[in-house]
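To keep things clear, I will list the structure first and then write my remarks on it.
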């Protein structure tokens, strides 16, 4: 149900946006070069559809992998970063400072060390989506749930795993929201990486289209990206709901 | 703004301030525009900027675009005309390091090499038509998708790298010289592939409605280019460019000017800015053959030149 | 079990007046002791000081070696991802499983083991929380209004059973129910009211230490209740 | 103090990173093409220092403005998005769906409509940093603080401003963390916008350096970006602390 | 002031047994009424049903028109960005400013107006919260263990004063203190214990309605307490 709803939302938004674009085109009498005609978009979709679908699937696979890496990374950094000892503050510092650099500026260095293959794409996707995750995770992991933790602390049972479990559980909704949100960022990150340096994926398609000033291709690519994102997000949401239901006993 | 002040003009370059806009910069900096009574606002281009779109949106009155851009736009109904063709030879060439006896003079020499191409860029179109014309199968060489990361070239993973000969070409040449190596270029136009580069364009509307401005502007630009390419004015031109592009040292800019001169000044007795109709037609045919335009665009009405 | 505070001073960070001012006090276990005082006098503060949750500004708290002090209050919650029963079993040593069962039976909470903590009434929450502390290792349990939301009959029964089951442990029971405190405590420590410069003295009133089955003389209870209230209102020393 | 600390952190991280880079250069014997020598970096810094400082100040100004816009935007969208009525769900839907599109893909459309002036840079900066803000804000604004709100609800006093105040106050720490975090993203967004299409700012400098394959320039630019970000972030943190102290009465 | 429930049924979503099963009950004000029952019987649930926080599964709740019902419980907090005093003044109509002042004097909370809510002890929190409800417009105030953490003497005084100040209002006072409930209530409604299929009947026991100054006969109180406890344990009907 959720999936259908998300898809429906996505189609509506996409169609409204296209409609607006074409309304502008008609009102101002813009040429097909500036804003492509519906026919051209359809034609591009027919001609390159399969190719683009493959590209977007490729991108999605990398994005999902990057997202997983980011979640693991953010959890790890969040866990270390919540400590007050020096590894904790070092991690926090590094995490915060590194984020200050735009990926377009750091990318050359990443490509230098990792080449322009899969690993760079993965890394960039992970880096881009891990920061919102990290922010939330450090916040959540560092804030005691006093009423629940008191007992464990009193009886000497407290340990980081228990703290993690308690704080995660108490903030489950927030965590799921953040993970869903960062899922879109993973997609964005992968596409940016592909845009900057890769010869695969939908970001690469977009770059080529940009060189050719071909908005029609970009519109088709955007459609597929939106479609894939919607599917992926509703998948995570469903998993999140399921986990929550399991934990809270329906 | 342009509507309020009829003498004020927005001029959209194809790329950032560099030597490929030497004439435009010179026209501005040496007061040529002013002497024609024109107030010109030069704006840099970039990957997201497209002079043709700006013309249509009324954000600019004149611009610079390469022939393939122009032809593609016209094929999709854009209403633009070409006033002058600045580059007679396409500066897009392939650089390689002369090591291990590597020499690339003829297209056949490309066989077995790894060649960088920007997919979707016009170097791809040029390379493909070269391969087609000389019946070289793309399987005989390795293509490498180029992006802003140059390391594969420095590391020797890629043999030939597409550059603008008069810009990055010079910078790379310097870098290599520092490293004790020699740079060479492979120029597709020597193999008969003539793919037109930067040209001065305006919209049909401006062309029809403001012929005097168009005539004056074109003449000012060409005068600017004549001045910029004058060897005697080299250091002053270089300074003018450096003011706008302070990242590039003057010594480099001067070398770039020298390189540009060879690309801009036409052979024979034709004047700077001369439109090479045959080259435009060849460009169109290349685009058509590679499916980059859907129909055969009539080039003739496009190449209007300045209004009489 | 022995705890003593010497010259203990404490005031909450910020502007407020001190809660304790050079307080000397000691507690000698085992046994069931009450801690009484009007609202806002400093019972919770004292409990948190003893349990180590707060550190005194001045003075010291001496404890006999190796004693385990537990402090529990009524706002605690169980983790939400497991049922009450699962949680209780997971925090109970195998050797105390039967004790836990007995407590749950006494507290009439056996039927709620499949519930989540959030699905209990306030008094039910109180009881479950107390039960899980009672099955831990401890020498002193400070119980801060832990049965505040439980009805009187059930509460009385719980106190009687607790005293019966844990004769070797020390309890410091904070409650606003004078009657209850007077009846069940061996002695009640009363924080006097109205010391704007901080409490300097805690007065000890020995009480009836009622055991299961027995019932003290009504007259006696009344007298103790009166003494406690008087001490609490700050009108007399010990 | 906080500012000094942040600056110190930043310098340490930067120096460690440079050290690593040069260590790699020496160990693998990379040429100056790949990794510039310290001398070259210093020279670039001396020659272009002032120019770059101006550029990065320009960028920072836009980033700060974009950040403000994003905060206002996220608050507004978060407020509307927390409603259960149709404008609420529409806003939520649009907010979520729009984020699925990478800015590099949407940028052509933005530049088409807004030109390459300040407005596009601002818009892109705001768009990039507003999503993490929005995610947190929707989460925070939609979650009742039952114990505090009960009274207002019971006495018919509740209204959206009061709800906003209560929920904001209860989550002040989280909100400050998120705003600080998104501050870096504003910087990133501005730089990306400049990278794609602008003729000012440090992103423009990076773009030019990239075309010239000049890592030394990029390293100098990264230094300045980090410096500015650190200063800006510690400024927001200080303001946040001050507001918090004011509200909670020290 | 008149409220009546007809055939009211309620069970919490999930699996549990119903709390109420076709309950008929009514309350006629003004006056001070107690609501008593052992822990977990359904007092809070009934209060939330009446105040409209929960909706019955079946049956209906009829109220006389235009009556304002307030429900308050002991876990409430004041907003943290202002002092207790500022908050109280901001939620009090100008015409009731003097009432508020009187209440705070009675509750001995005048000295804490500059504090933040989080800096109060539990019993102080209770009192502040009650005070702010009392200065609102209401016909019926349901007070769910709102003084649970206040000491007995203070609590008694508060109840006496409340009855004196608000003779025209209706109070439904939920407490686990039988004695108190028996003494101060005009009548006590008792939820019987042990109805695993849900409570069908609430028994009404008229009580002593003690006013400030007067004191009821001890014997009488004892008898009422006994009746209430018996009814609560579910062993007898009204």
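In order of appearance the chains are A, B, C, D and E, and numbering begins at 1 in each one.
Quick note on the criterion: contacts are C-beta pairs under 8 Å (C-beta built on N, C-alpha and C of every residue); 3 or more make two chains touch, one makes a residue touch a chain.
Source: prediction; values computed, not measured.
Graph distance from chain A to chain E, where chains that touch are one step apart, equals 2.
Considering the contact criterion stated above, the chains in touch with chain B and with chain D alike are A.
Summed over C-beta pairs in contact, the chain pair with the top total is A-D.
Note on chain placement: the centre of chain B and the centre of chain E lie 85 Å apart, centres being C-alpha means.
Per-chain Cα centroids separate chain B from chain C by 86 Å.
Chain A and chain B have Cα centroids lying 38 Å from one another. With centres set at the average Cα position, the gap from chain A to chain D is 17 Å. Shown for chain B are the residues in touch with two or more other chains, namely 47-48, 53, 57, 148, 151.
In chain A, 34, 108, 112, 210 are the positions where the chain touches two or more neighbouring chains simultaneously.
Counting partner chains per residue, chain E shows two or more touched chains at residues 14. A list of each chain pair in contact follows: A-B, A-C, A-D, B-D, C-E, D-E. Contact residues on chain A toward chain D in their complex (touch as defined above): 9-10, 12-13, 21, 34-35, 93-94, 96-106, 108-109, 112-113, 131-132, 135-136, 138-139, 143, 173-174, 177-178, 181, 184-185, 187-188, 191-192, 195, 203, 206, 210, 215, 218, 221-222, 225-226, 229-230, 233.
Chain A makes touch with chain B in their complex at residues 30-34, 36, 40, 107-108, 111-112, 116, 196-199, 204, 207-213. Those residues of chain B whose C-beta lies close enough to touch chain D in the complex are 16-17, 43-44, 46-49, 53, 57, 59, 148, 150-151, 154-155, 168, 171-172, 175, 178-179, 245-248. Of all the residues in chain C, the ones that touch chain A in their complex are 51, 70-73, 75-81, 83, 91, 116, 129, 132-133, 136-137.
The touching residues of chain A, when paired with chain C in their complex, are 147-148, 150-151, 154-155, 157, 165-166, 169-170, 247-249.
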